[in-house]
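What follows is a single structure, and I will ask about it in a moment.
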Amino acid sequence: MAGYVSKKDYTDKLHEECGVFGIYAPNKDVAHLTYYGLYALQHRGQESAGIATADGKRVQLYKGMGLVPEVFSGESLDSITGGEIAIGHVRYSTTGSSHPVNAQPLVFRYTGGHLGLAHNGNLTNVTELRSQLLSTGSVFQSSTDSEVIVNLIARYGQSSLEQACMKCAIDIKGAYSLLIITEDKLIAMRDPHGLRPLCIGTLDKGYVVASESCALDTVGAKFMRDVNPGEIIILDRNGLHSLQALPVQNKAHCIFEYIYLARPDSIIDGFNVNRVRRKLGHQLAKEYPVDADLVIPVPDSGTTSARGYAEASGIPFEEGLVKNRYIGRTFIQPTQDMRELGVRLKLNPVREVLEGKRVVMVDDSLVRGTTSGKLVSMLRECGVKKVYMCLSSPPVVHSCYYGIDTSDEQELIAAQKPLEEVRSTIGADDLYYLSLEGLLSVFGDYQENFCTACFSGIYPVEVVKPNIKGKYSLE
Amino acid sequence: MAGYVSKKDYTDKLHEECGVFGIYAPNKDVAHLTYYGLYALQHRGQESAGIATADGKRVQLYKGMGLVPEVFSGESLDSITGGEIAIGHVRYSTTGSSHPVNAQPLVFRYTGGHLGLAHNGNLTNVTELRSQLLSTGSVFQSSTDSEVIVNLIARYGQSSLEQACMKCAIDIKGAYSLLIITEDKLIAMRDPHGLRPLCIGTLDKGYVVASESCALDTVGAKFMRDVNPGEIIILDRNGLHSLQALPVQNKAHCIFEYIYLARPDSIIDGFNVNRVRRKLGHQLAKEYPVDADLVIPVPDSGTTSARGYAEASGIPFEEGLVKNRYIGRTFIQPTQDMRELGVRLKLNPVREVLEGKRVVMVDDSLVRGTTSGKLVSMLRECGVKKVYMCLSSPPVVHSCYYGIDTSDEQELIAAQKPLEEVRSTIGADDLYYLSLEGLLSVFGDYQENFCTACFSGIYPVEVVKPNIKGKYSLE
Amino acid sequence: MAGYVSKKDYTDKLHEECGVFGIYAPNKDVAHLTYYGLYALQHRGQESAGIATADGKRVQLYKGMGLVPEVFSGESLDSITGGEIAIGHVRYSTTGSSHPVNAQPLVFRYTGGHLGLAHNGNLTNVTELRSQLLSTGSVFQSSTDSEVIVNLIARYGQSSLEQACMKCAIDIKGAYSLLIITEDKLIAMRDPHGLRPLCIGTLDKGYVVASESCALDTVGAKFMRDVNPGEIIILDRNGLHSLQALPVQNKAHCIFEYIYLARPDSIIDGFNVNRVRRKLGHQLAKEYPVDADLVIPVPDSGTTSARGYAEASGIPFEEGLVKNRYIGRTFIQPTQDMRELGVRLKLNPVREVLEGKRVVMVDDSLVRGTTSGKLVSMLRECGVKKVYMCLSSPPVVHSCYYGIDTSDEQELIAAQKPLEEVRSTIGADDLYYLSLEGLLSVFGDYQENFCTACFSGIYPVEVVKPNIKGKYSLE
Amino acid sequence: MAGYVSKKDYTDKLHEECGVFGIYAPNKDVAHLTYYGLYALQHRGQESAGIATADGKRVQLYKGMGLVPEVFSGESLDSITGGEIAIGHVRYSTTGSSHPVNAQPLVFRYTGGHLGLAHNGNLTNVTELRSQLLSTGSVFQSSTDSEVIVNLIARYGQSSLEQACMKCAIDIKGAYSLLIITEDKLIAMRDPHGLRPLCIGTLDKGYVVASESCALDTVGAKFMRDVNPGEIIILDRNGLHSLQALPVQNKAHCIFEYIYLARPDSIIDGFNVNRVRRKLGHQLAKEYPVDADLVIPVPDSGTTSARGYAEASGIPFEEGLVKNRYIGRTFIQPTQDMRELGVRLKLNPVREVLEGKRVVMVDDSLVRGTTSGKLVSMLRECGVKKVYMCLSSPPVVHSCYYGIDTSDEQELIAAQKPLEEVRSTIGADDLYYLSLEGLLSVFGDYQENFCTACFSGIYPVEVVKPNIKGKYSLE
C-alpha cells in the first residue's frame, strides 16, 4: 500500500540539526530580515521555523511546523513587526518524533524579564544538568537542551544577564551556537571548541549573527568575522561588546559542514565551502587515479567535488544524472513492486551520455548505502560499462553527539561492513573513500582545528554513549 | 468593509472560562471517553481543547485551537490511545488574545516524573506567587495560573505528590477545580469555597471527574457526589482516596452556573440546573406580574425561565423568536449599512405570532444590552404593541475574578446607567430584573452557599482590583 | 476502530436537498445579501454553497464544499462584489457521493451570453431529456438536473431567453424551483404543481426570491407572495415581469416542508410553519389521548408539536431530553463497545424530570427508527415507567422523487414492518402515528393542495421507479 | 507592505503551459504510475494536476490546484485506483487567473459514453469553433480549448470515436498534443506540424505516452518513438493502432523546448536536450569569443550552455552564483526598501570566486530583463571587473500562440529596445545573443523542422493577433 515518507526517510545523508539567525538593527524591519535570513538557512532545518522579536519593552514570538514560507505568511510576520531585535531558528529534529513543543525559539519569563533562545548544537551533559535542576524544583515542558539552558540562566538571574550567561557557560558542555534575545539585547555565544559555526556581520549601524555567512549575504549584511570559540557577544544600545567567557580550547570545527552540510557560498571559520569541495575533488583524483571515460556527479551533493576530480584528472565531466528539481519533502511512496521508481523520480540517468562508458561517479559521502546501490544499477541499465564510485570523505563510522543527525552506528554501512562488502552491496566495480589525511590536507596549516569524530572516533568533548539524544521524551 | 468576528464579540453574554474532565479507568478507552466528555462540556469553552493520557509509564498530550471535533480527529486520538488515565480541558480565553501556548492541559516534567494539569477557575494571588517563584529561579512560558501551580508543586516535589498538592493548596487563593495527571495517578482538587463546580462518578470499576454531571451521563458514568470544597481526591490502583486538604470555608458556589452557564441537564452541588431555571421563571412571575398576551423567550438562554414565567402567570407561551441553528462561531460581519442583519441572522421574529400582541420577553441576563435593543426593535417592526423585557437574574454590576468572563465594569450596562436609562436604551416598554432575594429564594435552605459577587459586590475571596486578569502576557 | 461520520449518516431524518436565493437590487451589496440569505437557508443543505453575481456585463461565480461560512470568507465574497444581481444555492447531496462538480450555481456560456442556474427539486424525466440531448451532440460534466436544463435552454437559444425558458418549461417534468442569472436578468421559475417552495419579496426598489420566507426576513426584505405554480418571473431594469408559462395543474405542495423540513418562522404557500406544527400537536392529542404524566419532545424536531400536544391534552410539558448545542457535522464515531454514546452525545435525558413518570415522547417522524430505539432505552434507564412514542406525521412508506432524500423504501422501517413490529423494535410501550386525514385537516379548505406521496404513494407527477436518482454518476 | 507573489511573477522566463501523460497497461497500477509520470513532468506546469482512470466500465477523475504531491495524497490516489487506463495533466495557466474549472483532465459524458481529455498546446481557431458550437446549442463551462474539442467530438458522436477524432482533427488548427480516455481506450493525437512534443514507449505489454521521454524513464517504460505529426494512436485491447489522420505538413517542432523548457534528460523528436544545450554553448563561444577569466552560469537554466561555452573557449568554468535550493513557489515579497533581496534570496554570488575577475555570464534567454539587471549589479558589488552577458538563444521578440507563455510583446525587452539599450538597462559591459543561424546549425540536417516564431516572427500556423489567449473568460 502507498504511504507518505518524509524527506528524512528518503534521503541517505547526514543532516544538520538547526540554523540560527539574529539581528540587532534599530530602524530596520528586523522580522522580515530574519525571515529572509532563515530562508537562506533553510537547508539546515526543514521541520520547524520561528522568529522572536523585541522592541525594548516586550518579546513577541511566532513559530510553527514546516518550511519557513509555510510557517510565515505576510500576516503572521506583520503580527511581530516593529521591533529592533530579532532571533530566528530553523530546526531539523534529530529525535524520531517532531513535536511543536520543541520548535524554537523558546521564550520564557524569568526574574529579569523575558528571555528567548535559539540554539544550534547538542549539549553533552544535559541529562546531568536537567537532573540537578529538577531536584531543586525546576519543571520542563520540552526535551530540548535550550530549556535546560534558560533554567540555568534563570537560576543565576540575580546577577546581570551577562554574568548569568558566563556562569551558564561554565556549566554546559558540548556544542552550542546560541542566540539569546531579551527586551533590549541580543546575545550570541559559541562553545569553547567552536564545534558549530557562527559568524557576525554588520548591516549599516546594526549587526547580524548567523550560522552561515550566506545568510549575511542574503540580507545585505557585510561579513565581519566568525564568533570566537568561547566568546560571548552582547549587542545592545551600547553597540557590540565581547567577552571571552571561557578560554579557547583546542578548536574543533565540524568538518562535515565543508563536506556536505553548509551552503557552498558560505565562508566558515576562514574557508570557503565551495573551494574546499573543489579541492576535495582534486585530492580525490590524486589519491585515486582511474582510467575512465567520464566523471559524473551525484547531484547536487557531489557536483563540486566531481568537477574538482575532472579538473585534476583531465577526464571529461558530464551531467550523467539529471535531478528532478521539484522533488519536495513528501510524495507517495512507490509500492513494493515499483520500489526502484523512488530513486528514478529524483535522479534520471541520461543514456546518450552514459552508454558504453566507463564512469567515475562522485558523491560526498555514503551513509546507509541504499541510494547508491540503486544508482549503480540504473547506470548499468543504461549500458555503463564500469562504475567507479568515489566519495569526497572518509567512511562515516561513528555517531555524532554534537548536533548532526548521523544514524545509529548500526545503520552506518561503513561501520558494519568491510570495504569490499560495501562495494559489492552497492554493486560498483570499485569504491574509493577519500583518506582522512587527504581530507585534512585541504586545510593546510589548520588541520588541527577540526572535529573528525564521525570518521576517527576522536571526540573533542567527552560523550556518554550510547546515545544521549532522545533519551527521554517529555511528550 | 466586511470582516470576521468571533462568537465572543458577537454574543452579549457572560462566558464560562473552562471545563475539565478526568477519568481513571483501566481497561477502558480513556482517550475516547475523554473526547466525548469534552464534547459534552463544549459549552464551557470553544477556543482550545486538549487531552493528556497516562498508561502507568508515561504521559502523552494532544491539544490544539478550536472546537473538540476540530482539534481531535480519529488519527490524533489514536495517537494517544492506550492509557488508563486521562484528563481533558476545553478553554474559553478570557484575555483578549488566544494563544496556543495557553491551551491546556499543560504537561511538565518535574522531579517526581511527569505532571499534567487541567484547571478551571482563576487564582486571585497568582501575581504574588509568580513573583516569588521568578525571584528564586523559575521560568514561565505562559500566562496561565496552571503554570504557577505546577511550579509550586515542583518546589514541594521532594514530598510525595499528595503532600505537595496539600502544600500547594495552602499557597493558592481563589477559584480552582483542578485535575492533575501523573504516570499512574489522577488527582482532583477543589478550592475551599467550591467556587467552580466539580463532581465525581463511577464507571464500572473506574472513576470519572468532571465540571458538570452532564459529562458523566454522556460517557455512561454514574453520578456519585460533588467534590467537596477543599477536598483532594486521589485515584490510582488503590482506588479512591480522599483528603480534606483545607477546612471547608463558607461555601460560595457560583450562582451564575444556574442562571446561564451550565447545561440544563446538569446537577451542580445538589441542584438540577433546568429545575432552578424553571423556578426562576416562577419567581419572576411572582415578582413582576404583567398584563400581557404572550410570554416569549430569547432562545435558547431564556427558554426555560420563560416557560416558568408562563406556567406561573398563566400567560400563553409562544416561540416568537426563531433561532438559526446553524449560527457558528464565525461569519462575515454585516457592513455598516446592514448592521441590524447581524441579530436577524441569529434570531428571526415570527410576525404571525407576534403582531398586535403585548409581549413579555424573557432572557436570563443582560450584559452590554446591545442585542436586547435590536430584538426589541425587531419585535416592534412586527407590530408588537408592548414589550416587557424581563430577566431571570439581578443586574450584573461587578466583575468576576473567579473565572467568568464578565466584561469590564465599564461595559456592564447596568453598572453604568440607572434602570430607567437602561430601559430607554433598549427601547422596551418596561424592564424588570429578578431581585437578588428572589434569586436566592429558589435555593431554599441553602441560600448562604452561593457567590453572588457579580450582583452584590460581596467577594468571598479577597481580590485586588482593578483587573488581575491579563495583567501581563508572556507573549 | 474509530472513524468519521457525517451528520447525514448519523441523523435519522428525511432531508431537504437544496435551498435557493436570488436578488435583483441595483445599489445594494447583492453578494453579501445573498450570503446572509443562504445562511438563513442553511438547514436546506450543508454540503456545498455557491453564489453567482452579475453586473450587467459579466457573471462571476464562487462556490465550494461545506457550510456557507466555511465556503465564504470576507475575501472570497469581496472577489465577487460589485454586481446588482445574484443567485445563491445550498445543496444537500442525495446521491451517495458528494462531488464538487455538482455544487451550484452552475454557470455556462451559451449562445446568448452567460447563464447561471440554482435549482431546488428533482426532474422526473431527466434521463429521457439527457438521452435526447446526448444523441444530438451535447456533453455533460455533472449528473445534476441543472446541466440538462441549461442545455435545453441553449438549444432554444435563438429565441429570447424568456421564450427559451418557456419552451424548456414545456419539456421538463417534475419538481423545480429554479433561479437563472444572466448578465442583466434574474429569472425565477416554479413547476406547475408547486412541489417545492419559492416566494418573492421586495427590498426597497429591488426584489428577493427565496425557497423560504425566513431568508427574506433575514435580509430585511418584505414578503410579497409565493411564486405561482407554472409561473416565470423576470426581474431586470424594467422591473418585475410575470408569465404564466404553463397552466397551473392541481397544486401539490410538499407537505413534509411543514412537518420537518422548513424553518418554523417561514410562511410557505400561505401557512406559517410553526403554527402548522403546533396544530399537528393538537390533532395528535385529539387522535391519541393518553393517560400520562409528562409530554416531552425529541428536540428540536418534535418541540413544537409536543407543545401542541401538551396544550391540547393538559399534560405538563417538560424538556426531558437536553440537546448538546455543539453537535456539529462530524465527530469521531464511538467504537463498537460504546455505541450507545452516539445518541447520548446529542441528547441527554434528565433523570430528575423523568424518573418514575409515564411519558409521551413526541417527534415529527420516524424514518429508520435507529435513534428512537436508543432514546427509548435511555429513558428507561432513567426510570421512566411508560414511554408512549408519538409522531406528528403518518408512516413514511414511499420514496420521494421530487427532491427529498428519503432513504430507499427498504430502509424505511414503516415500509418494511407492521406497526406492532416497529413498536417492539424501538421498545416503546405504545407507538402512534398521526393519521393522514388528521395531518391534512390542519390545512382546512386547502387539503387538496399538497403532495402526500411519501405517505400515500399517490404521486402527482408520474415517476419511473425504481430510483431514478443516482442512476448513473458521471464521476 | 509585504505580500505574496507566485513564482510566475517572480521568474523572468518563458513558461511551458502543460504536460500530459497517458498509460494503457492492464495489470499495472496505472493511477500510481501516472502520478510518478506527472511528477517527472512537473516542470511543465505547477498550477493544477489531475488524473483520470478507466477500468473498462467507467471513468474516474481526481484533480485539484497545486503541485502534484499537493493535489494527490495516498488517499486520493487510492480512490481512483484499479483501472487499466489513465491519463494525467499538469497545467501552468497562461491566462491571468487560474481557476479550478480550467484544471484538466476534463471528463464529460457524451453520446458514446465518457470522454476525458488532457491537452497541451493552443488552438488558433478556437474562437471561431466555439462560436459555431454556441450558435447550434452547445454550452461551455470553461475557457479551455479542450472543452471545444470535446464538443466537436460529441457532435461527430454518431460515428465511431476514431472517426469522430479524425473529423475533429480536420476542424482544429494550431498546436495540440492530446490524450483522450474513454471507458476502454486511450487515444493520442498530435497536430500536423508537431508543434508540441509527444512520445510513446512500452511498459511490459502496455504503452505509455508522454510530453517528454523523461516521464517514460521515470516509470520504467522503454522509449519507442515520437508520435508523428498528424498521427492518431489508439491503444486498447487490440493493442496499438495508428492512423495518419492528416498529411504531415512541414514540421515545426518548438525550438524553445531545447533552449529552456524541457528537462535535460529528455529526447525530443530525435535530439537529446542536454546535448543540444551543450552545443549551443559551443556555438556561442564560436560566435562570441571573449577575453575573460571565468565562465559562470545563471543556475540552473544557463548551466549546461555555460559549460559548453567553457569547453569550447578554454576559459575556466566556475559556479559563481549559488542557488538556494529551497526557493519555492511563494514567499513574502521584500518591501520596497529591500527590493534587491528578492534575487539575492534565490541566487548568491561567491565573492571568493568572482572578485577582480572578468566574467562571461551565460543564461538561456532574456525575457523582461529584470532579473539579469539585478544579477549584474550583484556581481559588481562582489568586485567583478567585467560582466559579459551572453545568451544561448536569439532575442525573443514575438509572442507565441502555440502554448508557450511568452509575455505580451510590450513586455519583451528585446522587442521594445535596441540591443545597446538592453545592454545598458541590465548594466552589462557587453551583451550577446546567439544568432538564429547558430541556433539552427546545432540541428544539422534538420534545421527546417522547427518553429522559430518567437525569434523570427514566421508562424507555421496562421494566427490572429493580437492575443487570442484570454480573450474572454467564462468566470
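Think of it as A, B, C and D in the order they're written, each chain with its own count starting at 1.
Basically, a residue touches a chain if its C-beta (ideal position, glycine included) is under 8 Å from a C-beta of that chain, and two chains touch if they have at least 3 such contacts.
The structure presented is a predicted model; accordingly, all values stated were derived computationally and were not measured.
Undergrad: Please identify which chain has its centre, taken as the mean of its CA atoms, farthest from the centre of chain B.
TA: Centroid comparison gives D as the farthest chain from chain B.
Undergrad: Averaging only over C-alpha atoms, locate the centres of chain A and chain D and give their separation in whole Å.
TA: Roughly 36 Å separates the two chain centres.
Undergrad: Determine the centre-to-centre distance between chain C and chain D, using the mean Cα coordinates as centres, and give it in whole Å.
TA: The answer is 48 Å.
Undergrad: Please tell me the distance, in whole Å, between the geometric centres of chain A and chain C computed from their C-alpha atoms.
TA: 60
Undergrad: Can you pull out the residues of chain A that are in contact with at least two other chains?
TA: Answer for chain A, listing residues that touch two or more other chains: there are none.
Undergrad: When you draw the chains as points and link the ones that touch, which shape shows up: line, ring, star, complete, or other?
TA: It is a ring, because the chains touch in a row that closes back on itself.
Undergrad: Where on chain D does chain A make contact in their complex?
TA: 1-4, 29, 32-33, 35-36, 39-40, 42-43, 46, 67-69, 72-74, 77-78, 214, 217-220, 263-265, 267, 272, 274-275, 300, 304, 307, 317, 319, 322, 324-328, 330-332, 334-335, 338, 340-341, 344-345, 348-350, 352-353
Undergrad: Help me check something: in the complex, which residues belonging to chain B touch chain A?
TA: 59-61, 100, 106-111, 114-115, 134-141, 150-151, 154-155, 157-158, 474-475
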